[in-house]
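Chains: A, B, C, D and E, in written order; residue numbering restarts at 1 for each.
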Amino acid sequence: MAIANYLYLSAILFTIGAVGVVVRRNAIVVFMCIELMLNAANLAFVTFARVNSNLDGQVVAFFTMVVAACEVVVGLAIIVTIYRSRRSVSVDDASLLKQ
Amino acid sequence: MINLALDIGKTATPESFLFYFLAPLSVLAAVGMLLVKKAVHSALLLAWVMISLAIFYIAQDALFLGIVQIVVYTGAVMMLFLFILMLVGVDSSDSLEENIKGLRLVAILSAVGFGGLLISLISRATFGRQIYGLAAANSGGNANGLAEQLFTKYVFAFEVVSALLITAALGAMVLAHSQKSKSQFTQRDLSISRFRKGSLKDAAGLPGSGVYALHNAVDVPALLPTGKAAPTSISAVLEARGDMIESSNFQLREEEEDK
Amino acid sequence: MSLLTVIGLLPLISALLIAAIPSKSTGLIKRATFIATSLIAIISISLATGFDKTSTGMQYVQSNPWISSFNINYAVGIDGISLVLILLSTILVPIVVLATWPEADGGRWGAKVFYILILILETMMIGVFAATDLFLFYVFFEAMLIPVYFLIGGFGSGNKSAAAMKFLLYSLFGGLLMLASIIGVYVIAGNQIGATFDLAKLATLQIDNKTENLLFLGFFIAFAIKAPLWPFHTWLPDAAKAASPGTSVLLLGVLDKVGTYGMIRFCIELFPDASKTFTPLIITLAVISIIYGAFMAIGQRDIKGLIAFTSISHFGFITMGIFAMTTQGMSGANLYMVNHGFSTAALFLIAGWMMMRRGSSVIADFGGLQRVTPIMAWTFFIAGMSSLALPGLSSFVSEFLVLVGTYTRYPVAAVIGTLGIVLAALYILIPIQKTLHGPIIDGNEKLTDLSLREKIAIAPVILVIVVMGFYPKPVLDLINPTAEKVVTKAGFTDPAAKVGK
Amino acid sequence: MTTSSNLLWLIALPLFSSAILILSGKRANSWGHVLATIVSASSFTIGVVEFFAMHGRSDANRAVTQKIFTWISVGSLNVDASLMLDQLSICFVLLITGVGTLIHVYSISYMSHDHDRRRFFAYLNFFIASMLLLVLGDSYLNLYVGWEGVGLASYLLIGFWNQKPAYATAAKKAFIANRIGDVGLSIAIMIAFATFGDVSFAGIKEHADEASSTQLTAIGLMLLLAACGKSAQFPLQSWLGDAMAGPTPVSALIHAATMVTAGVYLITRSNFIFDEAPIAQLMVLVVGGITLLFGAVIGMAKDDIKKALAASTMSQIGYMILATGLGPIGYAFAIMHLLTHGFFKASMFLGAGSVMHGMKDEVNMRKFGGIGKFMPFTALTFGLGYLAIIGVPPFSGFYSKDKIIETAFNAGGIKGIALGMATLLGAVITAFYMTRVVILTFFGNERWGHKDEPAESPALMLIPIGLLSIGSIAAGFIFSKGDGLVNWLQPVVNPLKEHHAEEFLPPIIVSLMTLVAVMIGLTVAILKYRGDQVAQAPEKVSVLVSAARRDLFQDEFNEAVFMRPGQSLIKILLNLDYILIDGLVRSVAATSLSAGVRLRTLQTGYVRSYALMMVIGALALVTTIWVVTA
Amino acid sequence: MLIAPSLTYSLLAPILIVLAGALIGVLVEAFLGKTHRPAIQLTISIGSLLLALQQLWQIRDSSSLTAAVNSVTIDKAGIFLQATIVLLSLAAVLLIADQENFVAQASAIPGSIEERSALEQKNQQTEIFPLFLFAVAGMMLFTIASDLITLFVALEVFSLPLYLLAGLSRRRRLLSQEAALKYFLLGAYSSAFFLFGSAFLYGYSGTISLSGISAAAGNGNDIFLLIGIIFVSVGLLFKISAVPFHSWTPDVYQGAPTPITGFMAACTKVAAFGAILRIFYVGFAQSQTQWRPIITVIAIITMLFGSLVAIAQRDVKRMLAYSSIAHAGFLLSGVVALNKDGLAASLFYLFAYGFATLAAFGIITLIRDSTGEVTDLNRWVGLGRKSPLVSAAFAFLLLSFAGIPLTAGFVGKFAIFSAAYKSGNISLVVVGVLASAIAAFFYIRVIIMIFFTDPVNNSVSVIIPSIKSKVSIVASMIISIALGIAPSLVLTTASNFANFVK
C-alpha cells in the first residue's frame, strides 16, 4: 500500500468536513465538521512527517490539537451564548446580518 | 535531486490491512456525520473518525500523537462537544431538509469536484525524495523526539500557545460567567434598614404568609372574629405615646363587601 | 521663495483670515475677500511685468523636495502660456467675488464658506498652471474638484447634488485614467533616467510607440473630459445649469482651461509622437464639438445650458487650434483660452444677474430687457457679441488665429469649423432676441438695472473684451515664444505659404 | 507710399462719438444728435481734404497709408491695424460721409419724436466708423473688422424698434445672412494666408499672378459669397426686404447707399484676384445677372414702398456686381453706378421716409395716391430720383447704367449677348416698377382713408433730400465727363489699362436700345396704373405676381432647405445627446449600481452560503492548478 | 540531551511586553474590585503598548533570523509592521475604552432583567482589555512569524479574542452575537484551510519554515507546493477579506461593536497583509510564476467587487466593510508587485489606511440617536448642517478612501499602483483605476447625503465624545491629514523599512 493513501484519506476527510460546514445547520455539528477538517490536516501532517523523516509534522499536529482545544472552548462558548439568546443553535437562524 | 513517484513510499502489509479496514470505515463515519439527524450521533461518529485517526497515527510512528488524539481530542474535546449538546438539548435534531435553494446541490457538486481534483492532484504528485521513515527520528523514543523539538525549535510557539489558553479561559468566562448584580443581604442588614426607614410602622415587617391581616404592626389593633377592631390589643404604652393608629380604620366594612 | 509661490499662497492665507471673521458679518467677509483677491490680482500682474518675454524657458522657478521617496518636488515655474492663464484666474476671481455677493448668501452655508471655497480654489488654479512637476500638477488637478464640488452642491440650484456628483465622478474618472498614465510615465522614467516627475526631464523620455499611445490617451481623455470635448461633454451642461453663476464663471472660465492647457503642456510636450498619431482623430472630435456644441446651444431653453454648450463649441476651437500644430493655431488657442475666460465670465455673470432678478433661467421668461434694464442688456449684448467672435472684440482674434492656423494644415477642418460662426450667430442672436428684444414680458417690468457694484464688477471684463479685440499684442507677445517652442519641440514647422514670402 | 495721420481720425471721430453717446446714456438726449451730425460732417470734411490732397498728387502717389499699431503678429502672420486711402476708397469715403451726414441731418427731424434718438445716432456713427474701416482697411482682415462692424450696425439699426418681434427677427435674419457671407470672407482670408502668407491687399496683389488658378478661384468664389451676403445678392438676398424694418434713414444710408454696396467694393478691391480667376468672374456675372432680374421681378409686385425700393436696390446692386464681373473695364462702371445709385436711391428712400412721415408711417402704396399735390417738394425730388434710376438722360442713372449695359454687350459672344439682354430686360422692368411706385404714390386718387391731409415734411428733412437730388441729377454727368471716374480709378482697378477688345455695338446704339427699353417699361406701367386704383391689393393675380409678392419664395426656400432641417437636426441632437451620449454615461452608472445591487444579494446572511462561497473559491483555485499542472 | 534554546528576549520584547500587559490585565480582573478596573486596565493597555513601542524603537535597526530559534524573523519590515499595529492599537484602545459601546455583562441574556440591572449598575466588561492585548500580541507575532506553526498559532492568538470581542456590542446584541458566531465559524473554517495547506507545504519541502520552503522550490514536482500555496492563501485571503473569501466582512463589521470594528479593520489588515507579504515575498517568491496570475485575478475581482457592492449599501459600517474589501484588492497589488517598491508601498498604505479607518469608525461611534449608534445612511442625511466639523472630518476620510489627491489614500494608491506597474502588472493598474472611479461613486454619494441634502426631522445627533474618543479620533485625523499633505516622512520610513530578511 502506498503511503499516499493516507493523503487520499486526508483529502477525502477534509472535503467531507468542508462540505459538512455547508450542508449542516446545527452550529455544533458545523463546528464538528471543522474539527474533522483539522483532523484531516493533522493526518496529512503525520503522514508527511513520515515521508519527510522528521518530526516537525508531528509537532505541528500536536500544536493543532492544542489550538483546536482552545478554539473549541471559545467556539462553544459563543454557541452557548447564542443559544441562550435565541434558544436555537441553527446557523440559519443567525442570519439577520445580510446584504 | 531524486524525483521518485509516490508509490515508492510503500508500507508494510499489516499496516495496509489496517488501513484498508479502517479507512473506509472512517470515511463512512465522516459521511454519516453529515447525514444523521441528531447532533449527538454526529458527535459519536466524529469520535469514531478520531479514534481511527489515532490508530493511523500510531501506525505511522506517531505513538505520542495517537495517544494524545485519543485522550485529549476524543476524550476531552469531544466530551466538551457532547456536554454542550446536552446543554442545548440532546434531542435537538437537525431537519435535513435544505432551506437555502440550490445550496445543497451546489455544495455536493463542488465537494465532489473539490475532492476529485485534490485526489487527482495528489495522484500526480511525487514526494521528490527518498522516504526513510521515522526510525531515526524516533530512535530516542517518539515522545522524547517530540519533546525535544517542542522545547527547542518550537519553544516560542509553545510559549505563545499559553496566550491562547488564557484567551480561551477568559473568553469562556466573559461569555458564561454571570457576575451577581446584587450582593446578598443578610438578615442583620435587613433589620437595620427596616428601622432606619422613616416611621416605625415598617419596623415590624410584613405579616407572614397565610395571615389574613393587612397589617402586622404593634400599633395596629387585632381584629375580632366579628371583624371589629380590638383596641385593647394594643400596648398601653403605645397608646400613651400617641403612636396608636385609630383602630376603627381597620374594621371590616360589611356594606362595602355587599356591593 | 518664488513670487509665484507667494501669489499661490496668498489666497490660502486670505482664506484663513476670512475664516477668522465671524460668519454673521457677511458684509465684512465679502469686502475683505474682494480686497484680498484684488490685491492678489494686482500682485499677479507684477508677474507679467517682470516676465522676460524673450525667454521661452520657465521663469519664477522654485523647486523644493516634497515627497522625496518618489522624487516628487514642489516645483513651480511659468512660461508664457501658464502666465496668461494664471493672470486670467487671478483677475477673474475678484470680479467673481464682487459679482456674487447676493449669490453667496443664497447657498447652504453662507457667504463665509462660499468665499473660503473660492479662495482655496484660487490657490489651486494658480497651482495647477504653475506646477512643473507632473505629480504636483495632478494633485492640483484633482484636488481642485473638491472645492468646485462643494460650490456646486452647496450654492447651486436645481438638481445640484446630482450635477455635482456627475461633475466630480466624470472628472475623477478622467483623472484616474491620467493617474494610470502618470504612473506609467513615472515608471518608464525610473527605468530610463531615474524616477522623476520633472516635466523637462520627462519630455526627453524615449517611449515605444504602443506605450506612448496608451499613455497619451490616458492624459488626453482626462483633458478632453475637463475641457469638454465631444463626446465627453455631458457633465458640463448639467454642472453649469446647477452651479451658481459665479461658480460657473470659474468652472468654465478657468477650470476647464486646465484641460486645454494640459493638452499643450502634457499631451504634446510629453508625447509628441503619439500626438502626431492622434491628431487627425482629435481634430475630428474638435470639429464635431464646434458644430455639435453650436447646434445644441441653439436648442437650449435654459440660458445657462446655452452658455455651457457654446463653451463646448469654443473648446472645440481651442482644441482644434492646439492640435493644428501651427504657431498661429497654438497661439490662437492660447489666446482663445484667455478670451473665452472673459467672455464667458461676462455672459455668466450677467445671465446670473438676470436670473437673480427674474428668478428664472428659462430664456422664454425674459423679453424686452433692453428697455427695462438697458445697461444690463448692453453688457450682455457685448458679451454675446464677443462670444460669437465679432471682429473688434477679443474672441475674434483668437478664433481667427485658430482657423487660419488650422487651415494651413487641415483645410477641411478649418472650413467646417468656420461654418460654426454662422451657428454662433444663431445661438447668440436667438437668446438675445428673446431676452433683450421684443415686447416686455409680464413680470419683467420692474426689473432693476445693474447696481453700482455690479457695474464695477462687469466693467473690467467688458473693457478687456474690447481692448483685447483691438490690441491683443501684449498678451500675444507673452504667448508667442512659448507657443512657437511647443510647436517646434513637437517636431512641427508651419506649412510655408505656397507663393509669396 | 505717402503716409497720412488723418485717416485714423476719419474713423476715430465717429467711433468715439458713438461710444460717448452710448455711454453717457440719457444725459446725451439733448445734444447727442448734434454731436453725431457734427462728427459725421467733420469726417466728411477730412474726406474732402484728403480728396483734394490726393487729387493734387500724381497718379502713382495718390494712395496714402497710416499704420496705427501692430494688431496680430504670430509666426508668419503679421497683420497691422493700418489704413490705406486710395482712389477707390476715397470715392467710398466721400459717399459714406457725405450721404451719411445728409442722412444725419435728415434723421434729426425724422427721429425727433423717438425718445431713443440718441441711441439711433450712436448707431449711425458706429456704422459710419465701421463702413470707413471697411473701405480703409489695408488688408482683408482689417476689412473684415469693418465688414462685421457694418453688419452689427445694420443689425442694431434694423432692430432699432426691436420691441416689435418681427423687427427683431428681421434684424437677426440680416445678421445671419451676413454671417453666411462672412464665412466666405473668413475662408477667403484663410486660403489667402495659406497661399500667400499674407492677408494685406498689397501683399496679395504683388504675388497674385504666381498663385495657381485653383487657389485664386477658390478665394474668388469665397469673396463672392461674402459679397452676396453683404450686398443681398442671390442666393443670400432674402434679408434685404425684411431689413426695411429699420427706420427709413437707415434704409437710405445702409440698405441703399452704402453698406449693401460693400460687396461691390470687395470684388472691386480684389480685382487682382478675380482678374486671374475666370471661373470666379463668371460666377460673379451669373450672380449679378440673376439678382438684377430677381430684384426687379420682386420689385414689380411689392406694395410696401420701402420694400419696392429695397427690391430695386437689390436689382441695382445686381447691375454693379455684374459690372464687376466684367473685368478691368467693368469695375469703374460698377463704382460709378454705385455712386450715382447712392445719390438717387438715398434721395428716394428719404423721399419715401418723407411720405411716410406725412402718412403716419403708412408704407402701403395702395393706400397712398395723389400725394404729390400735398407734398410737392418730396414728389419733385422723388421724381428726380425716379428719372435717374430708370436711366433717363441726362440724369445720373443713365450714365452709369448705360455704361454697364454697353460693357455687358461688349463682353463678347453669347455671354455678351446674354448679359446684355439681361441688363436690358432689367432696365425694362426697372422702368415699369419705378413708374408704378411713382404713380401709386404721388398720382391718382387719394386712398389713404382718413381725413388728415398729408403735410410736407420739415425743412430739416427736405434739405438733405434736395442736396441728394442734385447728386441724382448731376453725378452721372460729372463722373463720366472725360471718363473722369474711370481714369481716376484706373491705377487701382485697371492697372494694365485694358480696353474693350472690340465693341459689339456702337455705344449710341446701346444707349438707344436702353432708352427704348425704358420707354417700354414706362409705358406699360402708365397703361396699367392710370386712373383710379383701389386701396386693396387684388386677390386674384397671376402666378408670377403672387410669386413675386412672396419674394419668389426665397423665404419658403430657406425655411424648407435650411431652417426646418436645422430645427429637426437640433431636435435629434438634443435627444441624441440625452439618450445616447449622456445615456451611455448614465448607463455606466446604472450598470454599476445594478451590478452592486445584484452582487449584494450574494450576501444572504446565511453563514453556510458564505462557507459555500469559500469552497467554490477554493475549488476554482484548485481547478486552476489542476489545469496548470495537467 | 536537550540543549536549552536561546531566545533573544530583547528582540521579542515588544510582543512579550504586550503579552505581559495582557496577563497583568487578567490578574487585575481576578483580584481587583470592579470600580477601578476600567482605569487600571486602560493604563495597563496604554502602558504596555507604549513600552512595546519604545522597545520597537530600540530594536529598529536589528535584524535576526534566530531571535526565537527560527520561529520569528526580526527584520525592518517586521518592525515597521509591528510598530504600525502598536500605534493603531494605541488609537484603538482609546476608542475601546469608551465603554458606552460595549455590553455591560456579556453573559446576561439580551433583554433580560439581568442585563437591565447590569446596565443600571454601569457594569463594565473590562476583560475586553486583556483580550484586546492578546489580539495585539497575536497580530504582532503574525507579521514576524517565519514558520507555519508560529503563523498558525499567531493567527489563532489574534483571532480568538476578536471572535469574542465581536460579540460584545452593547446594543443590538443579537446582531453582535450573530457576528461573533459567523466570524468564528468562518474563521475556524479558514484556519482549517490554512492548516491543510501548511501540511502540503510541509510535505513538499520537508520543513515548515518559510525560508525552507523557499529553498526547496524547484525540486521538480511542485504540485504539493501549489496545493499548499492555494490552501494557505485561502486562509490568509480570508483574513484580508479578499473575494470570494470576504463574505464575513460586512456582517462582522456591522455586527461588532464599532470600536472593535475599527480595530479589526485597521489592525487585522496590517497583520494579515504583513503575513501575506512575508509569506509571498519570502516563502513563495521562487514560485511566483505560478501564484502571481492567481493573486492578480483575485486582486482584480476583489477591487471590482468591493467597489461595486459598496454602491448598494445603506449602512455606513457595511459600506466601509465593502470599501475595506476594495482596499484589500488594492493592497494585493502590492503583494503581486513582488518588489521592494511594492513592499514599501504596502507598508505605507497599511499605515495610512489604518488610521483613516480608525478615525472613520471612531466618528461613526459619535453619530447616535436615543437608541445608540445610527449606521443607517438614510438617517445621516443632512448631518453636515447639524455638526459641520464632524461631517467635514468624515467627508475628508471618505475622500481619502476614494484616493483624492492631498489625502493619504491618494499617496498610497499612487505608491502601490506604481509598484504594480513597475512589476509589469499594468492590467492591475488599469482595473485599480477603474475600481477607484466606481468606489468614488459611493464615497461621494455619502458626502452628498451628509452635506447637500436637507435633514429630515429625526433625532440623529452627534454626541460630544469622551476625552478618550476625542483624543483617538483627533490623533487619527491629524495623522491622516498629515499623511496626505506631507507623506514624505512615513514614505521614506516605509521605504527604508521595506526589507524582509530571508
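By our rule, a residue touches a chain if its C-beta (ideal position, glycine included) is under 8 Å from a C-beta of that chain, and two chains touch if they have at least 3 such contacts.
Computed from a predicted model, the values in this text were never measured in an experiment.
Visitor: How many hops, at fewest, get you from subunit A to subunit B via touching chains?
Guide: When the steps are counted carefully, the minimum from subunit A to subunit B is 1.
Visitor: Under the document's definition of touching, what chains do subunit A and subunit C have as common neighbours?
Guide: In this structure, the chains that contact subunit C and also subunit A are D, E.
Visitor: Which chains lie in contact with each of subunit A and subunit E?
Guide: Under the touch definition, subunit A and subunit E have B, D as mutual neighbours.
Visitor: If I count C-beta pairs in contact for every pair of chains, which pair wins?
Guide: Top-ranked chain pair by contacting C-beta pairs: A-B.
Visitor: Hey, which chain ends up farthest from subunit D, C-alpha centres compared?
Guide: So the chain farthest away from subunit D turns out to be B.
Visitor: Work out per-chain C-alpha centres and flag the one nearest the whole-protein C-alpha centre.
Guide: If we average C-alpha coordinates per chain, C lands closest to the whole-structure average.
Visitor: Just how far, in Å, is the C-alpha centre of subunit C from the one of subunit B?
Guide: 71
Visitor: Could you work out how far the Cα centre of subunit A sits from that of subunit D, in whole Å?
Guide: Centre separation, subunit A to subunit D: 95 Å.
Visitor: Between subunit C and subunit D, what distance separates the C-alpha centroids? Give it in angstrom.
Guide: The computed centroid separation for subunit C versus subunit D comes out at 36 Å.
Visitor: Per the centroid of Cα atoms for each chain, what is the distance between subunit D and subunit E, given in Å?
Guide: About 78 Å separates the centre of subunit D from that of subunit E.
Visitor: In subunit B, what residues contact two or more other chains?
Guide: Residues 100, 103, 107, 110-111, 114, 118, 121-122, 124, 127, 129, 153-154, 157, 161, 164, 167-168, 171, 175-176 of subunit B each touch two or more of the other chains.
Visitor: For subunit E, write out the residues touching at least two other chains, lowest number first.
Guide: Within subunit E, the residues that touch at least two other chains are 106-107, 149, 153, 156, 160, 163-164, 167, 181-182, 185, 189, 193, 203, 206, 223, 226-227, 250-251, 441.
Visitor: Quick check on subunit C: which residues sit in contact with 2+ other chains?
Guide: 169
Visitor: Run through the chains and report each pair that touches.
Guide: Per the contact definition above, the touching pairs are A-B, A-D, A-E, B-D, B-E, C-D, C-E, D-E.
Visitor: Please give the residue numbers of subunit D that touch subunit C in the complex, ascending.
Guide: Residues 22, 25, 69-77, 81, 141, 144-145, 147-149, 152, 155, 159, 162-165, 168-169, 171-172, 175-176, 179-180, 182-183, 186-187, 189-191, 193-198, 203-204, 206-207, 210-212, 215, 566, 569-571, 573-574, 577, 581-582, 585, 589.
Visitor: What part of subunit B is in contact with subunit A in the complex they form?
Guide: Residue list for subunit B touching subunit A: 6-7, 9-11, 13, 15-16, 19-20, 23, 26-27, 30-31, 33-34, 39, 42-43, 46, 49-50, 53, 56-57, 60-62, 64-65, 68-69, 72-73, 76-77, 80-81, 84-85, 87-88, 92, 94-95, 98-100, 103-104, 107-108, 110-111, 114-115, 118-119, 122-123, 127, 129, 131-134, 136-138, 142, 145-146, 149-150, 153-154, 157-158, 161, 164-165, 167-169, 171-172, 175-176.
Visitor: If you look only at subunit B, which of its residues touch subunit D in the complex?
Guide: Answer in residue numbers: 100, 103, 106-107, 110-111, 113-114, 117-118, 120-121, 124.
Visitor: Within their complex, state which residues of subunit A touch subunit D.
Guide: 18-19, 21-25, 30, 91-92, 94-99
Visitor: Spell out the residues on subunit A that touch subunit E in their complex, using ranges where they run on.
Guide: 7, 10, 14, 17-18, 21, 27, 30-31, 34, 37-38, 40-42, 44-45, 47-49, 51-54, 56-57, 59-60, 63-64, 67, 70-71, 74-75, 77-79, 81-82, 84-86, 91, 94-98
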